[in-house]
Amino acid sequence: MAKILYLVPGVGMDEEEIKRRERIANTFLTNDKSEVTVEAVEEGPLSIESTIEEFMSVPCSLKKIAEVQDRYDAIIIGCLGDPGLAPARELADVPIIGPFESSLTLASMLGEKFSIITVLDSIVPAIRRTLREYGLDHRCASVRVVNCPVLELGKSKDKVVKTFLNEAKKAVEQDGASTLILGCMSMAFLLVDEIVRSKLEAPVVNPAKASVKFAEMWASLGLKQSRRTYPRPDYRKLQRSVLPNITIGGK
Amino acid sequence: MAKILYLVPGVGMDEEEIKRRERIANTFLTNDKSEVTVEAVEEGPLSIESTIEEFMSVPCSLKKIAEVQDRYDAIIIGCLGDPGLAPARELADVPIIGPFESSLTLASMLGEKFSIITVLDSIVPAIRRTLREYGLDHRCASVRVVNCPVLELGKSKDKVVKTFLNEAKKAVEQDGASTLILGCMSMAFLLVDEIVRSKLEAPVVNPAKASVKFAEMWASLGLKQSRRTYPRPDYRKLQRSVLPNITIGGK
Amino acid sequence: MAKILYLVPGVGMDEEEIKRRERIANTFLTNDKSEVTVEAVEEGPLSIESTIEEFMSVPCSLKKIAEVQDRYDAIIIGCLGDPGLAPARELADVPIIGPFESSLTLASMLGEKFSIITVLDSIVPAIRRTLREYGLDHRCASVRVVNCPVLELGKSKDKVVKTFLNEAKKAVEQDGASTLILGCMSMAFLLVDEIVRSKLEAPVVNPAKASVKFAEMWASLGLKQSRRTYPRPDYRKLQRSVLPNITIGGK
Amino acid sequence: MAKILYLVPGVGMDEEEIKRRERIANTFLTNDKSEVTVEAVEEGPLSIESTIEEFMSVPCSLKKIAEVQDRYDAIIIGCLGDPGLAPARELADVPIIGPFESSLTLASMLGEKFSIITVLDSIVPAIRRTLREYGLDHRCASVRVVNCPVLELGKSKDKVVKTFLNEAKKAVEQDGASTLILGCMSMAFLLVDEIVRSKLEAPVVNPAKASVKFAEMWASLGLKQSRRTYPRPDYRKLQRSVLPNITIGGK
Amino acid sequence: MAKILYLVPGVGMDEEEIKRRERIANTFLTNDKSEVTVEAVEEGPLSIESTIEEFMSVPCSLKKIAEVQDRYDAIIIGCLGDPGLAPARELADVPIIGPFESSLTLASMLGEKFSIITVLDSIVPAIRRTLREYGLDHRCASVRVVNCPVLELGKSKDKVVKTFLNEAKKAVEQDGASTLILGCMSMAFLLVDEIVRSKLEAPVVNPAKASVKFAEMWASLGLKQSRRTYPRPDYRKLQRSVLPNITIGGK
Amino acid sequence: MAKILYLVPGVGMDEEEIKRRERIANTFLTNDKSEVTVEAVEEGPLSIESTIEEFMSVPCSLKKIAEVQDRYDAIIIGCLGDPGLAPARELADVPIIGPFESSLTLASMLGEKFSIITVLDSIVPAIRRTLREYGLDHRCASVRVVNCPVLELGKSKDKVVKTFLNEAKKAVEQDGASTLILGCMSMAFLLVDEIVRSKLEAPVVNPAKASVKFAEMWASLGLKQSRRTYPRPDYRKLQRSVLPNITIGGK
């Protein structure tokens, strides 16, 4: 059994939506006694649709992780772009899971090439950079968009699903995708994968599900990120400067 | 909850060892109600230490999978080299999981580069070919060996552990590995990872654990291999020739 | 002068067709005293149009190679997918030649990128996997299909030639191919390359010709596959299990 | 002529050191009328020796860039790791230059492979991730360290130079480097390149010089980062959340 | 300040055009006291539109470089294909700059992918080979042509500009280019970049400007090509054979 | 049967040595009626040990090829570096064969990785550039040298063989080579491969043999280089400038 924090790195969601996501996230668990808590940072972007917003979200996430990591067996960074995955892994002594890395990894097993269908053109270059950073750009058939801002996805669900299906079919037939990835956590919590599944020849990966599954897997295997890739920082130095209130490491 | 078959593609193991592995495999599950059955094929190699033995094991595995797949939610090919992963995925309508692919995938998330520590030099070129086939050779720091045949691993456990540790340290310090992979299922079921864990700076991936976790994950997510990469075969043609007794597809 | 076996790894061909292929194959030789024998395995698939059939063909090929290799200077695995090339190279002490590897290699010299035009969509993923295994996927412009089962190619020759030409032109003009490869041995023995040659700006590689030429080349140079990539197996162990009747190695 | 801001993304430097760097940076200019201003952010890390500190520095840099970009023709992010290069390029309408990208680019022209000699092991994985993100990892022969924290480089100059020379020679002779890169801005402003130059067979790239040269080049050519890779953000949304006081874009 | 030779490796240009280019090239300098001299070789191709002409131009360039290098701080090989860049760098003790390498390098910094728009299809394969030789083919979105011979570009300027714009838009929208490169020095000296700039969303790199900037940069930094990649030749042997009159090295 | 020209692109060989090579080259043929003529250019380098000499050799080779190609079925460029392979392929209407490309190609089939053992360090960077141009650098385990100038190889044969063996063993054991390539035509015509064969676990490729075999293969298959990669030049333009006396194309 694992206690998992799903950390929302932004402030655009009301308490009701956070509770809704928590309820849904808990249905993704494999072990009955595992538990997902969804929590948002105190400060940060309304939503993440640019590299700027990705980076602006990171310090708040790191502060939160420093404070609460003792209470969890794994922490998910609740944004498709995995903002701050590497620094969070350096900082924490528990597994840090990114929904994008989780989805790419799972999709890479399911078939030869994947396509990512995300919200807006403005975030596509950031996705490509992360694919290169992860060494997985050679598995990517294409990145396509539904052309709808994050905060309007809920209101435009039917239209989004229709556009998603359309783009997904092009990804499979024109771009050669074997697998599709929901390219936004709001689509993930609308369970778009379950709606479109029967209409597509290719499996659809939901990043919320993938990240919860990997968080539970790592925690139950007693594995965490390698200190050879994510070196333990000098906690005392961090306390003297950018993270004055953390206790980890320097406890 | 998932019913998982762990299929041993060889005949070198006695009933006792199979039962021992079944007991151990069941401890790797996340959900209490999931269940792993370990079963061996009727005919096949004594152990797999060459590409020849890999290929000789595949027809028997495929026949078995054709017969029993209706009874399982996922099937693991119980050999580190994933022999027959691609044809099994074409053949089956349930998830087919390879311990090698599972381990590489998990290791790729834990750190930048992995090293595989396997049994004998004779199997290293097959491992390299599979790394290229999976598009993961750029993540591999090295493949090293403990220089002990599969069927003698049990008897030489202490020596194997010692050599493993030695090679693992070289992999980390000289080759730049961030993560280590147990390169043989017999090492995996000796739980070598748990013995060496505290003596290494890098996480150690156990392919038996990894494959059980992925089998359970795929099954519980309702995902299976993409038909775009693993096309549905012409079952009638297969029945007329190489798989006369199968019922799947052509039921 | 070289004695070459062209081994058909399936049972779908009658004696007449085998004799026809033998006559044709002998016209591909460079040295007058060289000789190609065409022979089929006793058991195996009707034709190879799936990864399943590729793998089901291998044990029979290996048994045959083990039995007859003493009588030949080189052995060609007579299927475009090179099924069992790696294990056959481990097993044998004579050169083992694959028509696919031969064609890719020759095509790589003739121009920057090649396209493969094969029979059916169901075999395309296997072709892509082999391209990655051979480290040649970056030279591949595209894989296209004539959409005709292997066993109907002979009957539909005119239609196949027409479709081939059409797909070949798209490969050159849309996909950027410099060279074309006949993607099936049955097309090769219909000498489709000679029919289309004058209608295409790009050279067409016939895998039957390429494989006979390389078999003769290796044999006359006294070269064979490197034991560093294809290690000599433990013949005694093979005799005790999967290849009980072989004499090689353990003679 | 170009007005260039060299922005120090940390607070570990006193006013005197900032003035010293400004004097030195101005000697790197090609045009007499160009001018470099060195300025530090108000808040941020003491020095950057971890991915955590890289990310913690970015919001302050972005705020500063948003405020002052109207007054400059180009802005250099004054840290070897180029922290925040991508978001700064999205945000700004003037060229944003990274010393790491500048150095890699220049080094790639001077010879086949480069080695980077940086301060501490703790920053090496971040360097490798950035190399992959920039698509330049295949040109990197090695990353080596002098094993001295940034803030002690000045005090240990002689020892650092000696270690640098030693590591540089190993990079050339053992790792195959053709060119060397000073892997830290503090080494750059100690002009380590000029000290070691005569003792090495390979050219040494100074990232401070490289970044000033590229800033001046871009500015004088009227070029800036492509909006196809660094899309213009929704400035109104940024003003409503993470960058409330910026005027750019939404002026 | 730097004295730069821009060496035209062909004989197709009259004195007036050479003077015109010299006037223009001098406007590309950053430092007021720097100076570009444009000079043509005595013998060579009329223009370079094939790999044959590229290679035929090299000996004359090398002879010229051997004679005059003492009088310059940097030498630019004035053809987009950088013919003879590697041998010139071995031969010379001053920086040798290629407009193609300069443009690719600069374009790689400005955005993720570049497209090259050149004159004729006949030169495209040479461009692709050079991209591979430079290790930059993974950054190339496409190579497109305006379909106009070099020597007619001046006369057909309006048509060329129109076609260029058309191809540039396709490169950005269909091929995914972030940046465009003028693929011919004659287009560069027609300043096509300045004409099309306002009509394109992507920056346009002018290879004449890029090469002058890099020549000035290398010269002012005191850098030149690494002798590890461009080894010093045996000058005495060259004097005894292919370069009898050179004095460099063997002075 | 094929008439093959082996063209020596240099003037360092006396008539006797040319005749000796012709006798040897004729023993490499597969067909009794084929014939190799060895001829040298009139002008050119003494030997090729630098990129400068490679390029200086090309115009003479091209002139010769233009004159004599009507009399041959295939032409080999008799230098390991394949100087001028691409322009010769554009120019000629008969197959142009490079010993380096032939050897790499053959070595790629024989095993996973090859090492090249050449004469001097001064030619190693040129070899690496060509490997990248051919897209085969990922198959190269290492390039090593015997450290002996080309023109002294004959006199120092025993020492060269000893050093070769030593370097070859390091290539196999330390660098992971499966196959070795004689990295110089003079070593090839000393038949170093036959001397060392029995002392090495890895096959040794002789570039003279490889190139003769491929020349005969291409000629007998009626194949030549693709005009998509090696476009037909404008022969009239070439006649007006760099190749005034050629008749081909413009006959």
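To keep things simple, chains are lettered A, B, C, D, E and F as they appear, and every chain counts its residues starting from 1.
Operating definition for what follows: a residue touches a chain if its C-beta (ideal position, glycine included) is under 8 Å from a C-beta of that chain, and two chains touch if they have at least 3 such contacts.
Fair warning: this is a prediction, and the values are worked out from it, not measured in the lab.
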Contact-graph distance - origin chain B, target chain C: 1
Centroid-based (C-alpha) most distant chain relative to chain B: E
Degree value of the rotation bringing chain B onto chain D, based on Cα positions, nearest 5: 120
Most widely separated chain from chain F, with each centre as the mean of CA atoms: A
Same vs different contact residues, chain E with chain F, by half of numbers used: same
Interchain centroid distance [CA atoms averaged], chain C/chain F, Å: 28
Centroid distance [mean C-alpha coordinates] between chain D and chain C, Å: 54
Touching two or more other chains - residue numbers and ranges from chain A: 112, 125, 135, 228-230
Interfacial residue positions of chain B with respect to chain A in the complex: 30-32, 101-102, 105-106, 108-112, 135, 138-139, 172, 177-179, 201-203, 205-206, 209, 213-214, 216-217, 220-221, 223-230
Chain C residues touching chain B - in the complex, by the definition given at the top: 11, 44-46, 49-56, 58-59, 62, 84, 86-87, 90-91, 121-122, 125-126, 129, 132-135, 228-231, 233-234, 237-238, 240-243
